[in-house]
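These notes open a run of structures that come right after.
Two complexes, one shared chain (chain A), two partners (chain B, chain C).
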Partner chain A sequence: MGSSANQDNVASLATDFYSLLESFKETPFYHLLFEIFLVLTVLWLILFRKPRRIEKKLTEKEKQELIDEWQPEPLVPPVDANHPALNVRVLDGIVGKTIEIDGKKSLNFATFNFLNFVGNPRIADKAIQAVQKYGVGSCGPRGFYGTIDIHLELEERLAHFFNCEEGIIYSYGFSTVASIIPAYSKRNDILFVDEGVHYAIQKGVEASRSTVKWFRHNDISDLERLLAEQDIHDKKNPKKARTLRRFLIIEGLYMNYGDLCPLPRMVELKYQYKYRIFMDESVSFGTIGQTGRGVTEYYNIDRRKIDLISSSLEYSVGSIGGFAVGSSFVVDHQRLSAQGYCFSASLPPLLAAAAIEALNIMEEKDTTLCDTLMEKSKRLHRKLLDIKGYLIVGEDISPLKHLRLTNSQNTVARLEEIVEFAQTRGITITVARYLNDEHHLPEPSIRLILNVEMTDEELEFLCTVLQEARVKVTV
Partner chain B sequence: MNVGIAQGERNPNSSWLNSRGVWLTYIILLFVLHFILLSIPYITTPVAWTLTTTIHNICSFYLFHLVKGAPWETSDQGRARRFTFWEQIDNGVQWTGTRKFLQILPIILFFIASFYTKYDRTHFVINLATMLLAVVPKFPIFFGVRLFDINRY
Partner chain C sequence: MAKTSAHQKNKSYSNAVYATPVSEHPSLDEVYEVTPFSEAFWTYLNYVILNIFGWFRDLLRNARIENRKGSAENNPPGFVPLYQSYESFYTRNVYQRIADCFNRPIGSVPGATLDLLERVTDDYNWSFRFTGGKVKTINLASYNYLGFANNSGPIAENVINSIKTSGLTAASTTQEFGTLTQHRKLESLLAEYLGTEDAIAFGMGFATNALNIPTLVGKKNDSFQSLAINKTKLLYLKGCLILSDELNHASLVLGARLSGAVIKVYKHNDMNHLERLLRESIISGQPRTHRMWKKILIIVEGVYSMEGSLCKLPELIELKKKYRAYLYLDEAHSIGAMGLRGRGVVDYWKCDVNDVDILMGTFTKSFAAAGGYIAGKKDLIDHIRVTSHSAAYATSMSPPVVEQIVSVLNLLLDNDEEHEGRQRINQLAWNARYFRQRLTKMGFIVYGHPHSPVVPALLYSPSKIAAFNREMLKRGVAVVTVGFPATPLVLGRVRFCLSASHTKEMLDEVLKHAEEVGDLLNMRKSKLNPKRPFHETES
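Up next is the complex of A and B:
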């Protein structure tokens, strides 16, 4: 019974298939033709289309030609004996308010030591304690066993200092802003960038592969012109505009010029043209504003209107690294997308401890650090204006000033002479140096940095030396 | 795809179809779809085959030619944001093994479906239409083409 049912099933399957084969013999003509065409197409696809190779192969002759053409270069090219790399000046000890170069002590107006935290004994003690507790390095990136409780504490402290939701720290000041910009702005986005931004921001903008629109330094009307042009484009193609992101990249206090950005107007334009503001406060953190909270405090602007504030811990704070603060929504994205955060080892705990102690000093109840710094900057500015023959570039409250010689005498060679003369008199200043591939280099200048613990006499001495140097150089 | 290799892939969407066993999985999944359709009562074998090819071709058109970008946090700074999945495969190199495989598969399905539907005219028209939908956009002439600006940005 079962076996005959089985046989019937098999037989019915066979007849089904047989009927299919029969119908194959009765295919309509057009169908058969089409199927033959398709078979030929398939064969053509498989056999006759090879993937195109990108590199060309060189023939033997071409290879021999290239080998014959080659001229070896000397291992060490001839170099001028006065090349700075061959005449290295050796520093000894801590580079704080005074600096010891080649055995001679001099006043330091060259390094970015605004609040004189370098060599501060309180901070040094805390750093040594951290070495005894945590060791020297953190041995890993933040995502792979490199996060230590002191990092989280520093992030919380920074967020609390700026009254923002979240903070994130980086282990190198240069790579902070150079990682932040490409994390948010991608290939088809638009960046409106001030021409006077420093090199790290320029590299970040380049790495982002976005469309960059440079506007003249601190020229709001130029920025408005660019925004209006972009607006016209957007109205012509609204579908494309909806997929674009727009950012404004500025600095709080510009390192290359020493002046503040016109932030209130930029925030107004933000709500009109719908872009996001990323502000780099490397120089203005700890120096501008009543309590050192930067340009937003100086202009009394709500920090929630600025989408991201980034800064370096290497200038006022006297540690190493950088950070960014903002809303949680914005800052959290960097934890997976910022290259400098994910793929670099995290900040050594001793430097994080030093930064926390520096924040402690800045947040002390009756501290007048930033007030004093602004006062001294104003006084220095007035004194420098009294010296004939120099052009002072920078705000009066800025502790970073650029000095230029008037009219066409402003060359790097003359400024170097001034620097050398000042060094012989016990003042260390420096000519601002830039790399060859920087965008829109500012004019040559001496970059003067004011240390908050400089006394009035020392500032007077500086002005005297600058006056003498001027006379000596232009004679 | 990213497991066990030294270098990271900038856009994993370009290489995951070249991984070990993906082509076989694709064919097996197609057969699983067909068996599910066969298990539904009142669907005869010819109808099941036409349905399989139709569903496969329409889904492949949507996934390969309508959806843009990649579901990863890619490290190519958004280069793939405006490209469809088909254009991202092998980073745009044409006529590679995967592309040929994916282009020939709907044609083979068309052969099988025609055989099982006994070359009936209605089934032929439906199968032909969906096969063209799946095969024609895969030719290199259509690389980056967005007809009537649909799906361009």
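Up next is the complex of A and C:
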């Protein structure tokens, strides 16, 4: 029984084997070759290929060696002891229209005191009253009992001054715009930023982590080119484009250049390409426009078309801090999401009281202050144009002007010499100071700031001194 | 000087017998009781119900059945909406319900007592109306640790004088014409007070962190131009590492992010985790390239204001020395408030101030002014003077504020036990211990270090946050209650800030009210310290 089964098995095996051999004859030649090649490869892999060495983990000894070897850099690099920041002039007394340096009085064309509110007795009185009512510090952030009624009053007054729905104040000028931009613009949003904006805006833009598109300073055609490019990009992916917010960040009057932004055209483009405008009016508040309400008043544009206007209380107003005004819908968001507002102590009440009084004075004087300032700026501009050898950068109505030497003579060293010489003659001016990592470092210049109370003779004197200085320096 | 201290003695140091000098050893035990299961359960349920209601109300609002309160966007069509709808879901439906607990306006000095402006709402917290009345409350909310928030007295006189002689602002940056003699005086006094070589002061505490951390561990300076005024070649090099505590303040986080360095977060006060991270980081080097790190900076705070905990400074210094890292200590809440002589946590732990590389602090809390400072070795401060964003672009500090700080420093530098400075420090230390002990014995779950001036008691759920706040206000006590997102989701709390100007009677009154409200809200459920009535906790 078994043997016959075995025999059957063997027989079936034999026939299978035979049919296998037969099929071999029928296969095409290339198939055979391919099979042989595969078999050879497998043999090679098994027998001849060297196995990959598995990386051994570091031993404790090796780890300790690495730790022992590691040496950090020194915490700070060495600093040149002659750096101007380490040898600043230390002043005494009120830094108003005149300053006292080394016992001598000189005319002050260096500090941001446009409307000469520094040292104003009315403002000082109000500040003293505030100290007598509230003390000095507010001892808390706005969310936790740091909101004092005087802050609310200042916010209302600012909103009223600008004819906007709501205002919000910050305790530090630098962090105003640097906190505002990240509060609205998040990671994938698009920011169109002018190259000449000042450092605080650059930091705000960096902190927002959005996509930034820089356009050449005040160059509308460059902006239009960028907008058109973005438009093409959007049309390829409309679903995504509907979730990306776009913002245009500009200044009213640029601190680094002294010129105005071409606002009317930018507002037109706003409705064409659907972006929002955030304008920083730190320098133009109180100085441009008939009543000091800024660039929107100068160009006669409806302020509701600008989504947010941010500014500083440290320049014309003569206090400390910053603020933003706009519609309630836009401004209210900052109360919960602007870092410099939520996580920082509020403005000391005496500075808020000073700002309110300054606003009072501005509203009383109505057009006289700013008109006078614009007139004097124009006059100064004409006088400066008469001096040979200087390049004046800035609008004629701007009280902030940049002075450069012509062609290749414009170096920091020469400008510093001019400043030194002017100081000996009783005029205080300053070279504009920048940090190295500005996005678009402006060329060296002297920043001239006009105080509204400067008389014509004083302006003449300034021009005379500048002329003499230039002659002395370029000889 | 003697006259004023006697005057102060009569006013607020009637309980002089209760103000013993702080002589005990620094303590290492901090207690964090485990969240009771029932509390966690009810809190989560709370949030679920809030979410359901929120979703439902949003539905009604979208269908225009309910009026949209709050300002509506009036932009022309075609613009992308300014805010994502889910970002404001929490604001509309959770925060808005308890919005009356926050942003309360005050109308007086934020001292030991506070005058709140009474406000009512007609439409469930969407808008408020002032009635014109004032509510007098005991103030356990302001950061007034040493009680220097005063509107009269010799310090206020100094401030008023300085307004007359120096104006309110120099309207110029520190590197140009903003440095006055007062600023230099402040910096030298500060260096003397802290025991460092030099110090530099800024106008805002938040900005001190956010604008100066990038100058210490910044990224490579690609846009270096030869026309630059800064003659120093800035050697910012990519490849720095920041190890930051989990619960660090927003300003430290922002500064770290702006610097561009790699950031690793370690668990709060967990020195083992920190050491593991240090070892692993040094061994494996920078991500991807495995090059060595250029610098490692450990960022910690002295007192963490939401937890009430202290950093473990001796262990940190040991770790720092072992691995050659640098230590950045943010003493916003601890300067003036901790330590035998009020010099901060370094004084409290009796460590050497030269071991901490960068000491930072603010003037808003103990000094009742505004601003921040950084102190350390002279070459560090020189570097910051040259490269700080704030020194180059921001207006210098306002002279009256500087005068306030200088006057306070003069008082605090005086080591005489009888004089005002030391008396205040001792009073604060006594107040902090007393309040915390009694609160704990009454059965509240209290977090934090036994000697910290910040005392957080746990509430857990968002409804209790609002209820505690409102109930205490009814009884005349102003407190700060916080929930998500400043704290973890389940751990809402009330945070008491003690002050040297609180008398024992005021603290007892607050404790009695807290007992009542605690019972009303069923808060006194500590298992470590079973609840006892107020009169039994005196010891």
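Worth a mention:
Everything below uses one rule, namely that the second predicted complex is superposed on the first by the 384 of 475 C-alpha atoms of A that agree within 3 Å, B and C clash if a C-alpha of one lies under 4 Å from a C-alpha of the other, contacts with A are read in each partner's own complex, and residues count from 1 in each chain.
Everything below uses one rule, namely that a residue touches a chain if its C-beta (ideal position, glycine included) is under 8 Å from a C-beta of that chain, and two chains touch if they have at least 3 such contacts.
Note that the structure is predicted; figures quoted are calculated from it, not measured.
In the superposed model, A:I148 lies in contact with chain C only, and not with chain B. Contacts of A:L86 after superposition on the shared chain: chain C is touched, whereas chain B is not. Judged by the touch definition given at the top, the superposed model places A:S208 against chain B, while chain C stays out of reach. In the superposed model, A:K472 makes contact with neither chain B nor chain C.
Using the contact criterion defined above for the overlaid structures, shared-chain residue A:S138 touches chain C, although it does not reach chain B.
Legend: residue contacts after superposition of the two complexes on their common chain; A:R265 is shown touching neither chain B nor chain C. With both structures placed on the common chain, the touch criterion links A:P28 to chain B but leaves chain C unconnected.
Set against each other, chain B and chain C differ in how many residues of chain A they touch, and the higher count belongs to C. In the superposed model, A:K239 makes contact with chain B only, not with chain C. In the superposed pair of complexes, A:Q71 makes contact with chain C only, with no contact to chain B. Shared contact residues on chain A (touching chain B in one structure, chain C in the other): 207, 242-243, 336.
Those residues of chain A whose C-beta lies close enough to touch chain C in the complex are 58, 63, 66-67, 70-73, 75-86, 88-96, 99, 108, 110-113, 118-119, 123-124, 127-128, 131-140, 142-149, 151-152, 165, 171-175, 178, 184, 198-200, 203, 206-207, 242-246, 271, 274, 276, 314-315, 318-320, 327-330, 332-333, 335-336, 339-340, 342-345, 347-348, 350-351, 354, 412, 428, 430-431, 433-439, 441, 443-444. Listing the residues of chain B that touch chain A in their complex gives 73, 77-79, 81-82, 90, 93-96, 100, 103-104, 107-108, 110-111, 114-116, 118-119, 121, 124, 128, 149, 152-153.
Of all residues in chain A, those touching chain B in their complex are 19-20, 23-24, 26-28, 31, 34-35, 38, 41-42, 45-46, 49-52, 54, 182, 186-189, 207-209, 237, 239-240, 242-243, 336-337.
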